[in-house]
Every structure is written in structure tokens, then in C-alpha cells.
Amino acid sequence: MAVRTPDPDPDGDFGFDGVPEPDANPGWLTEIELAEARRRLPMLYVEAVPVRTDGSGQVTSLGVLLRSTPLGEITRTVVSGRVRYGETIRDALFRHIENDLGPMAFPLLPPSPDPFTVAEYFPIPGVSAYSDDRQHAVSLAFVVPVTGTCEPRQDALEVTWFTPEEAASDAVWAEMEGGRGTLIRQALAHLGLLR
Amino acid sequence: MAVRTPDPDPDGDFGFDGVPEPDANPGWLTEIELAEARRRLPMLYVEAVPVRTDGSGQVTSLGVLLRSTPLGEITRTVVSGRVRYGETIRDALFRHIENDLGPMAFPLLPPSPDPFTVAEYFPIPGVSAYSDDRQHAVSLAFVVPVTGTCEPRQDALEVTWFTPEEAASDAVWAEMEGGRGTLIRQALAHLGLLR
Amino acid sequence: MAVRTPDPDPDGDFGFDGVPEPDANPGWLTEIELAEARRRLPMLYVEAVPVRTDGSGQVTSLGVLLRSTPLGEITRTVVSGRVRYGETIRDALFRHIENDLGPMAFPLLPPSPDPFTVAEYFPIPGVSAYSDDRQHAVSLAFVVPVTGTCEPRQDALEVTWFTPEEAASDAVWAEMEGGRGTLIRQALAHLGLLR
Amino acid sequence: MAVRTPDPDPDGDFGFDGVPEPDANPGWLTEIELAEARRRLPMLYVEAVPVRTDGSGQVTSLGVLLRSTPLGEITRTVVSGRVRYGETIRDALFRHIENDLGPMAFPLLPPSPDPFTVAEYFPIPGVSAYSDDRQHAVSLAFVVPVTGTCEPRQDALEVTWFTPEEAASDAVWAEMEGGRGTLIRQALAHLGLLR
């Protein structure tokens, strides 16, 4: 599968299907204004790799989102979305996890605000490991244990759980959009689980 | 109060009162052998700052251990203990948290094995921020959310919960043994809570 | 001195005195457009704490910028500026260090792209440790050793070198704008130099 | 090549060929005593991945040591050695870099004392990613830019410089002793260079 990078959360207000989410605030920044800003400014994003842990805190599996693009392609991605004006990183992280994994995921947000890595997405592939054809985005990426049930609210979305070995594989790497296979490997390195 | 640094967990096998703990393995390394090793080799330690978090993962309070030394002094410290031969850092961390906070603390060990800081304790004060008159110890320090009830198993031990502001105060700093007031401030910096 | 927070690098294209810098690209985003964006989107910043090190890499002093505000106040700050559209974080960091410290500072940018902390500046003080009355900015902060001569290019700017003890003092803390006294202490914690 | 793990710096006092180094202090801890300690206590190590950087601080190549074991095998490793009693981690790091890369390597030790990872070596393979058949060692690992000429002082030793892509390859991974291919990949992840 080709690695392509439509934004899985185009504007932070609209879901994968373009329908406004219940908590959207359309008056705050219209789609046109946002599209304009995207061509002029780097956009601040948060991303989360959901994980399951055992009793000792060791990660046993990583969650990857499966979704179909508007063009009907199937790609894999992580929890991802824009930070709004006036919103803290922690709040943005919580909001996007709930959006993508549902209200019963019960995430344990990390006590430290420091991301495990900063991913730079450029519109032109090759500048960095990450690309996004719609914008220049800079993402603060976190590993987030979830203790509940993940029920993606978007129809097109599913969560697949991989062992660390599977998540690091070339097969999964190739299916992740926008270079996020590298983000998964960065997460595994951070967890001491990369081989 | 003078800052002094008796080891709060002298050999990993004996509690504060010198009585072997139930899980001790006296044949493995005698007190005399360990005392000898302490004068020849740096000892590997783990330390934990227990914290309480709110629903969004933000730390609301930090736990500090209060204990009386064999000389009757009252000092403050953190969860601290030696890594045994063949033991993983994660297992050592879990063991010492259970030793110091009891079996109902329900700690959430961090998914990443990386400490928030490495503290170097030298027998002679002034070499670093940390000192321990009995040994050269190098400690990997972690912040560990606890979700249950902390009931220190050692008679002399109590847990006091401080707000981030209180924990950073000069008063608490001065009462911590071996320079661990600095360790608390390092933890607060890691948590984005130092002012 | 009151802690206030005019942006030391208002738009990434203009210096402290409002005169376009030589490398400015006025057609790229006008002042009006940028001012508009600032009220709608979080702005991505980089910040750098310049340091001097000894032969073993240990930090001996930290550089803090002294400047006069348009209102004639004297405040302290760090190297700080916006990330432009299409610019890597590393390039933005290099550009702002050269802008603020001159072309002979010879900075040694860190090999890792991970900041020592992420600082969230909000227009309303109190949301976090950091504030900026003109915008919501999220800053990736780095410690950067400099090996040459720092000659700030802006007339109003000077570099003061502090020992770690001085830099952590309440006096310096109170003079830093926008809560950056906390950023300095975060840097010291990262360096293992906070007491 | 089989991955095996003789210690490249058996006791911190002896080189690869077993001949005491000039700065050895044989009276401090005899080989027998050290061998005894190795079977009873975890040993504290430091390790360094030497790198070359370009003008912007970006890593362009990683140095890997090539050496022949006493059995005549050729293996790859990194700078590695024990922390002595009373020695700071920074001093141990500097000493072992000089031992392995020569006095003209001119390393730029990182200003922060925090390792990019903590590697746990166990005598029995499989407990973690790392193994060392002679001991239980816990290693604090650092990335260290070198600016001079690397001339390994030990006859059997050479430095090979790899691009990030080469260093991450399965071929190099398989030649590294004790699982240090994983350490190289951890270093690449820390540097934002893992793909």
C-alpha cells in the first residue's frame, strides 16, 4: 500500500466523514479560514499511541487505527488532531483520544507533559520522516495506556492491537499513513521495546 | 534539620529496623559481604516519587516518606532501594514500592524504562547534589502514580502528601535526607510543575 | 519588577525595534495577517537557553538576554521566535539564535530534536506557568552550548551570563518575562544543576 | 555472526588484550575480587555511541567499534566500560571514550546527565534485549559527538563510520555484540533518525 497522508482529523472540528462532530464550534474558525491558515503557518498537533500494559506497567500491545479514506483506501494511523486556540496540550490530547477511541477507553494520560518525540510533517515528502500533503504540521506524540474499551466513534475506524514485534514490522510500517510507521518505532524505542 | 543520609533501605533485604523482610534471601549476600562491596563499587539503586493524579493525569500531590532514624531523628525521604543481582529495574522498582508503601498502594509503573533523572550519591557531600555517608550509589529515579491506599509497612514510616508548591518549598527541601529535596524538584520539573 | 510578556520576536520577521530584519520576507505573511492568525491559532515557537560549558561538557553559565521594551522597561528573556511555514525546527532554532546572539556565537545545536520541555504560553496568566499577552504560543525549548562570541544584533539587547546558582535565584526569576524564570529552572533541572 | 558478549572492558582497568592500561590501579580491586562481585551485584556501566555532526548539529554518521575477541571472532560494539567507586558518570564516560577512541577524539559530552536509554544486560539471553555472559550490568547510554580524530588505542580495535541508514540495517544489527544493535537503533530513535 502506498504511504499517503490525508489528515485523519482535518480541522479538529470535523470527523473522517466530513460531518461536524457534536462538540464542533463552526463559528470559531471556518473551514475556509482554516484551509487558508494551513498554507501559511505550521499547525500544532498532538498524537497518541494507545497501549495496553500488564500489571507491572510493561506494554503488551499497541493500538493502531484502521480507517478508509474518502477514496476508499484502507490505511493505518494513530490518534491525531489539532490543538485549538486556548486549549492546553493535555486537554487536546484527552479530546482527540475520546474522539477516536470513544468515551469508554479510560486513558491514563502521562503525568509528564513532555512528548516522547516531536514529529514534523511537511507537505513535500522527504524533508523529514513524516509528510502530510495538506499542511505543515508539528506533532507532539505521546504513549497513552488505555484501561477500558476502545470503540471508535467514526464508522470507518477500527482499532487493531499489535504486539511490539508486530508493530515494528515492515508490513505495519508500510501501511501507516504519512510516515507514522516511524512514529510507532519511535514509541517502541521510548518504551524499551524496539529490537 | 541537618541533611544527613543513612540509607533508608540498607541492603535491599532488611527494613529500616534491621529485621529481615519476609522476602529476604540472607544466603545470597551477607551483611558483611554487602558492607564490603559498598566500599569498593558503586551500588545501583532505584527511587520512586509516588504521586496522586486527577482524571486528566495531572499530578495533584506528591508523597514523601517520613521516618525516624536509628538515632531518633525525623527525616523525609522517597521510596528507595537497591537493585539485586539478576533483577530487572522494573521488578526492583515494584518491590521497593510495595515494601515502602504496602501491598494496597496499586502503583502504575511508567511504561517507559527511562528514569526522569539519574541521581549520583557520594559518601562525601559536595561532589554532587546528593550524598550518602555509607556508599557511592547511583539511583534511577521515577515518578509513580499510586491509585490505592499507602500503608507503609515499617513502623517508623509515614507518607505525607504535599501539593506541588509545598513539595518545592525550602522547608521540605531542608528536611529531605541526602539531598533528596533536589530530587523532588527534579521530579516537579519533569512534571512541568516547578515554578 | 512585574512579570509581563511582550513577545521578544513579534512575528519572526521583525526584531525588537520593529525594523524588518535582513532576511525578512514581508510578502510571505503580512503583519495584519499574522496578527489575525495569532487570535485564532496556537503559534509554534522555539526557544533556546544559551550555555557555556567546560572541557567535560558541564555547564558553567547560562546566558540570559536583557532588553528594553517599547515602554522602556528592562526585562530578561531567552532566545525565542516563531517557526515559519515549511521551516524545520532545527532551522528555526539556528535562525533565531543567530538573530539574537549574532553570527559569531557558534552554537552547538543538540543532535537530538527533542526539547527539554514544552512551554505553553497563554494570553491569560495563570493557565500555566507561562503567559504572553499577545497570543497562545507553544514553545519547544532547548539548551544550546555556544562556543563563540555573543554580540546581540539588536541595539536594545545584551547577554548576561549567570552561574547556575544565580540563574535559579528568585531575583532572576522575577525579572524574566512571561514566566521564563520557570523555563530557566526547567533547563537547570534538565542539566542536573538545580538545587 | 553469532551475537556474543564478552565484556569489551572487563574491569575498567584492563584493555581488550588483558594488558593493564597505563591508568590502571591494580591495588584498588583485584581481578579476583571483581570477578566475585560480578556474580553477586549488578555492575554499573556507561556506554557511548560516537557520532559526527554537520554544522546544524544534525548527525551524519555513527561510529561503531570493530574488534577481534580473544577467540579470534570479529564483532562490533560501542564505547563501553565500568563506573568506578567514587567516579562520576561524566568522568567515567570521558575516561572510556578516551580509552577507546584515543586522546585526539575531542568528544563533546552532552550538557545533560540523562542517558538516552538505560540498557540492562543479563547473563542469560532473553531477559531483555541485551546480554553479557559474564555479568549483570546496567548501562547508561549516551550519544557523544566527536570533533577530532579517532585512533583506538587498542590494537584490535577500529572505528567504522556508518550513515544512519547503514547503522539501522539488519546486517550491522547482527554483528553487534550483546544486543547492542538495539542500542544503536535506540540511539537513532533518540536522534530522530530512525525510519
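As written, the chain order gives the labels A, B, C and D, with residue 1 at the start of each chain.
In this section, a contact is a pair of C-beta atoms (placed from the backbone, for glycine too) under 8 Å apart; a residue touches a chain by one contact, two chains touch by 3 or more.
Worth saying up front: this structure is predicted, and the values here are computed from it rather than measured.
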item	value
Shared interface partners, meaning chains that touch chain C and chain D	A, B
Pair with more cross-chain C-beta pairs in contact, given A-B and A-C	A-C
Same-interface partner of A-D, chosen from the options C-D, B-C or B-D, over half of the pairs matching	B-C
Rounded Å distance between chain A and chain B, as computed from the means of their C-alpha atoms	36
Computed distance of Cα centres, chain C from chain A, in Å	29
Residues of chain A touching at least two other chains	113-114, 117-118, 190, 192
Residue numbers on chain D that touch chain B, as the complex places them	28-29, 33, 37, 39-44, 83-89, 113-115, 117-118, 120, 122-123, 127-128, 136, 138, 140
Of chain D, residues touching chain A in the complex	117-118, 129, 182, 185-186, 189-190, 192, 194-195
Chain C contact footprint on chain D (complex, rising order)	51, 53, 56-59, 90-91, 94, 108-114, 116, 143, 145, 190-192
